[in-house]
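Take a look at these structures.
Below are two complexes that have chain A in common, paired first with chain B and then with chain C.
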Partner chain A sequence: MKTIQVLGLVLALIGLPSATFAQQSSGPLRIEITDGVIEPLPFAVPDFVAQTPAAQEFAQSISAVIASDLAATGLFREIPKDAHIARPTSFDSPVQYSDWKAINAQALIKGAVSAGADGKLVVKFRVFDVFADAQLGDGLQFGGSTGSWRRMAHKVADAVYSRITGEGGYFDSRVVFVSESGPKNSRLKRLAIMDYDGANVQFLTDSSSIVLAPRFSPTGDRVLYTSYETGFPRIYVLDVGTVKRRALDVQAEAMTFAPRFGPDGRTVVFSLSQGGNTDIYKMDIDGRDAQRLTSTPSIETAPSFSPDGARIVFESDRSGTQQLYVMGANGGEATRISFGKGRYGTPVWSPRGDLVAFTKQANGRFHIGVMRSDGSEERLLTASFLDEGPTWSPNGRVIMFTRETQGASGIPALYSVDISGRNLRRVPIDGGASDPAWSPLLK
Partner chain B sequence: MNTGTYISGGAHAALIAWALLGGFFLSADDPLPVRTTEVSLLTSAEFAALSLPSAAPAVSDAEPVPALPDPEPDTAPTPPANDDNPEREQPDTVRPPVAEATPTPPESAPAPEPVNPPQPPVLTTPPVQDEPTPSPDQEAGAPTPAPRVAPEAAARPEPDTVVADTVNPEVSPDASAENPAEEKPATAPEEAATEIVTEAEKPTTVMAASRRPVTRPARPPATQTPAAKPQSDAIAAALAAAAAPTPPPRSAPSGPPLTGGEKDGFRIAVSTCWNVDVGSRAANVTVTVGFSLDKGGKVVGGSLRMLSAKGGDDAAIGTAFGAARRAILRCQSSGYKLPSDKYSQWQDIEMTFNPDGMRMK
Partner chain C sequence: MTDAFPKPARNVTVPEFEPKTTMEKPMKIYSKAIILVAALALSACSGAGRFGPGGAGGIGGAGGSVSDPASPAYFQQTIGDRVLFPVDQATLTAEGRDLLTLQARWLMTNGDYSAIIEGHADEQGTRAYNLALGARRSNAVHEYLISQGVSPARLKTVTFGKERPIAICSVESCYSQNRRAVTVIAAGGTS
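Coming up: the complex of A and B.
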């Protein structure tokens, strides 16, 4: 009998919540979604409408570059043009959303190009959220010379990317790198610059001396790099527009290398090796106000400023192995942030300020990874025989780095990877390439 | 409407009272029931006969167990000798043998200038699409026959499709054709995934694991109501949508609520269209969206609006809302499959999109 009583009590207590739920269900139905999918967003870019006969040759090329930019992010997938149902013939014609829904296009980019006899090109576009039956933001247009059609296409792609993702783009940017040729034991190295996607490669130096580690200024008009022109490493600053350069005004007898601009564009932080000891220094680009930031008997190098200029991340072997440390912009006590197995090096602070990218060597393999600036949430994005030298895209979303294949015939190449670890792809460049540095977005 | 609730509450109260107080109404003197079982006596000989173990089966001579193959030696790639940090290279006085021409200043394309944006066109109302006629559900067919073991081995499966950006069918040469086509394998893009496996996480011959910190820093909670700060386009659009004509007034829900299975079906239907960009700031945003459904399970025009969001700035919130809106609208197709007799229970919906479990960690 007692058993029946206890059973009845339990049943009653179990039944109570359902009565309560019946009372609560007078409101709307509440559902929580916690699992989604990770897939590229399908978009459609019909060929831009050529509004003048001279624009005919640019219309198709511009829409192709826009599609290529977006698809290369791995976040978007272009729907092939032969799958389109609607074929816009006018920029102002209304959008038949049902035609685009039918092919599952979630975003539609419509544009037009006109070219005048004076060589001026005008590109205009609109972005549509197909399933919301609405335009995303206002229409926008860019004007420039016909020679800058690629930059205009990149700018359109940046605007589209920004409207869909809510974050800034990175397509209208450039990358400076070390172009390499010749056999592995006698490589010819010269500085080169290209569009972010590998187009328009141009050389900045000749190959008479070894050059290393070019770094853009925050405005993208100057490059710091290390040259062995005098037989030992020395830092130079080069004006990208005029290709004129000058040596940084530091002690002539010291070896200086691993330079990087501060976010103000005037401060330079670098490594100086003298008497067998390597420390980090800071000075004005004109050679004034030199300041020693570290003073330990170990090797401190590869400094990189935080975006706000308040801190510096660098690598040091003061603990016995090569690890990452963070210190204030004026030196002082450094805090170790890397604790995993292996060696960490070449740290670079993200433009967003939240992450630090680095090179890691462990168990005979090299990795490009990211961690928070306090050292937490370390994630390795790549793994290969030799990956090194990460650089951030202007929006902090993509990392470009050097990957070298094994063996005497191995050549270095540039690769990029999304910070999620997806979309690893090689940057198409003829010949060898290493040490990339991404510029800010061009003005 | 509350009759059922009152009856249920009353019945439960009575049941609890009976369970707690029922003992008072029972007599303590009632004799306890006694179970009886008949037994019979066995002699020791009979017991021994019953408890004898059965004869063990004859064991044939076992074949020797084959030895396991020796494990393959690790094939760790040899790291390059002291070549991991080019910035630490020592001075090299060897000059390259050939000097190339001094470069000329690079031609940089002139910066395009943004000019006045074009006026938005006057959009005509698109033609009304005919509502698709729902097809009656197929009648339940005959029960599926039980699988049987085939007398012959199955044919080899088709080869895997090659991953590519576009979908292309397999092309095989036709022997009878005058110019047989070149053989090409089928290609298709990679499938969508629910998680990311980076190159570093793929299994290799060498372990490449790194220690994951035990805890992650807590992010400051940030809750924003878009009505207070309508800054981004998406938020403005959400507000405009909220200001749009509201769906017809609903009657209070009646009848039984949705079952767990019905809710799960609805949840899965939307989640398959919820595309999460795990690397974006929008992946930190949890957004709650309100909308109404008509009796066919389709979203009532203009009812979709953002109710609340937390965890990001305006741009990230706008992006998160856009992704949630696309998920709801894309997957409705001809209407969500919900029980029509419980329409009052799912007429109005508040759906929360929480990417916490998908975010990169």
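Coming up: the complex of A and C.
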């Protein structure tokens, strides 16, 4: 079994070339993304300077990925390169702010790439607040293998995003999902993993069995999912690096599904169906300490831990229709939190802990929505024939989900939307795709 | 408005990541059923797909000759292998109980066969909920067959949720066919 090479991305502060590059932590260059409608902030990313001949092939691609990351947030707008007046040819040459003011670039990202004979790539960058005539924060550099050039671009974009919004980034992350092909009545499904933006799709299983709903561990190195390998739905855990998998050790004959890791990375919460009744259980990843958390004749499924591990949000039809409930991590009395008209399912606690994302069905339509974890401030973000299964970006600002079109030729695709309901986008993937799960930010 | 993510300008992908995808054969439990199925491609529902990867044996045809009352084909096509359910329900209808009474009688007469009861849901529901709903439906059939005297040792249940629709349009005429529990006959014991 081939092992995936661990990416050794090295982060370093770039030595300051002069005292004038003192850090500016505050200033006019700032997006408050909690505000209402915002005007995207115009930025310029001239092609990164290739400092060695071997870096040439990466310099342009890296600046393109950075621009794509930032523009795809809907918070930034790229000023196209053909509008640029200045063409930086040296990383350390002084910035002519007037050239960037003239094209109304509020932020300037200037960078350089060098590639050594050892196959190592070094990417460095500085961010400038054009209208303040000043650098924003320190310069940074990342080192890694040439094969990880997209990750380094994402890391630059994450750093820029964080400096300007004050929030954590999400570009250097991956998404595990179910790749779908074939007709609707005999769909082939296989697990796949990709960069958050749809690049670098790799398959983790073949299509010999139905696979469903993969979920990352808190460190992103393992994936829980449901497979019909035995003919019955059963939970497996897969190591993303080695692609080795094993069945979670639950009682044979039981049907298990809807697994999710707890924040400790060891506890697994899931559903088990027996005798027609589905309840929520938890156990250690090694199959120890199995504990039944709900015991009702109704359907209890789709459990998701709060980030502190103290509570679990889940769905139940104990009231007669699917609704959302919160209980303690060891079960016990549950509090209903969804009260709107319609059915609520697939709750997922946000990484910040304040919100719960969910799927809502009402009047024959499906919606992705968010509410506070006490059920207040419900907000629907999308509407379509079939939207379901939200997953949170690592910074809790964006939700990815499955949208399936209707009819005999209906096919699922992955979409993302930000939690204000703006910036709905389809993630570009060849073929059908469903059940996305977003990884944490990579290290 | 929906926009695609801007494509990366280039894809200089260095393959650091090549997962193995070879796996052992799945569906051991169905291997006998597949052999039986091979003889007859007829299906109770026109336009139905073949016995697809991952199971859902209720989609394909059953073995033997329809004219032989002891054959799985007779069970599937003359008696009827499936019962249908109203939206979001797992309670058997009167017609469903009548059919299952006949199914039970056949199973009692043909003691060499076992059965897997598949529960299915239409696409109007979330994935996990539909798995749970399919489990309820298969269990409703399971309990009824046992109540009619079929030994529990000969029966297994499985849910496919909304993963294996038999009819693929997105209107009620298809949905009503997909909300089903299918009794799939297999040779020998199920254990």
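In the analysis below, the second predicted complex is superposed on the first by the 406 of 443 C-alpha atoms of A that agree within 3 Å, B and C clash if a C-alpha of one lies under 4 Å from a C-alpha of the other, contacts with A are read in each partner's own complex, and residues count from 1 in each chain.
Definition applied: contacts are C-beta pairs under 8 Å (C-beta built on N, C-alpha and C of every residue); 3 or more make two chains touch, one makes a residue touch a chain.
Everything numeric here is computed off the predicted structure, so don't read it as measured data.
S.K.: Taking the superposition on A as described, I'd like to know which of chain B and chain C A:G139 touches: first, second, both or neither.
M.R.: The first partner, chain B, only.
S.K.: Between chain B (first) and chain C (second), which does A:T382 come into contact with in this model arrangement: first, second, both, or neither?
M.R.: The first partner, chain B, only.
S.K.: Among the partners chain B and chain C, which is in contact with a greater number of residues of chain A?
M.R.: On the superposition, B touches more of the residues of chain A.
S.K.: For A:K155, using the defined touch cut-off, is the partner it touches chain B, chain C, both, or neither? Pick first, second, both or neither.
M.R.: First partner only.
S.K.: Report for A:R426: first if it touches chain B alone, second if chain C alone, otherwise both or neither.
M.R.: After superposition on chain A, A:R426 lies in contact with chain C alone.
S.K.: With the two structures laid over each other on chain A, which partner does A:A408 touch: chain B (first), chain C (second), both, or neither?
M.R.: second
S.K.: Once the shared chain is lined up, is A:H367 touching chain B (first), chain C (second), both, or neither of them?
M.R.: In the superposed model, A:H367 contacts chain B only, not chain C.
S.K.: After superposition on the shared chain, which partner residues are touched by A:I38: those of chain B (first), chain C (second), both, or neither?
M.R.: Touch partner of A:I38: chain B, not chain C.
S.K.: Who does A:G345 touch here: chain B (first), chain C (second), both, or neither?
M.R.: Touch partners of A:G345: chain B and chain C.
S.K.: Would you sort A:K443 into first (chain B), second (chain C), both or neither based on which partner it touches?
M.R.: In the superposition, A:K443 contacts chain B only.
S.K.: Across the two complexes, find the residues of chain A that touch chain B and also touch chain C.
M.R.: In chain A, residues 1-2, 5, 71, 145, 147-148, 150, 186-190, 200, 202-210, 212-213, 228, 231-233, 243, 255, 257-258, 271, 278, 299, 301-302, 322, 345-346, 359, 361, 385-386, 388-389, 404, 406, 424, 435 are touched by chain B and also by chain C.
S.K.: Show which residues of chain A lie in contact with chain C when the two form their complex.
M.R.: 1-2, 4-5, 7, 57-58, 60-61, 64-65, 67-68, 71-72, 145-150, 183-190, 197-200, 202-210, 212-213, 227-233, 243, 253, 255, 257-258, 271, 273, 275-278, 299, 301-302, 315, 317, 322, 345-346, 359, 361, 385-386, 388-389, 404, 406-408, 410, 415, 424-428, 435
S.K.: How about chain C: which of its residues touch chain A in the complex?
M.R.: Where chain C meets chain A, its residues are 1-23, 25-30, 48-50, 52-55, 59, 90, 116, 123-129, 131-133, 135-136, 138-140, 142-143, 156-160, 163-170.
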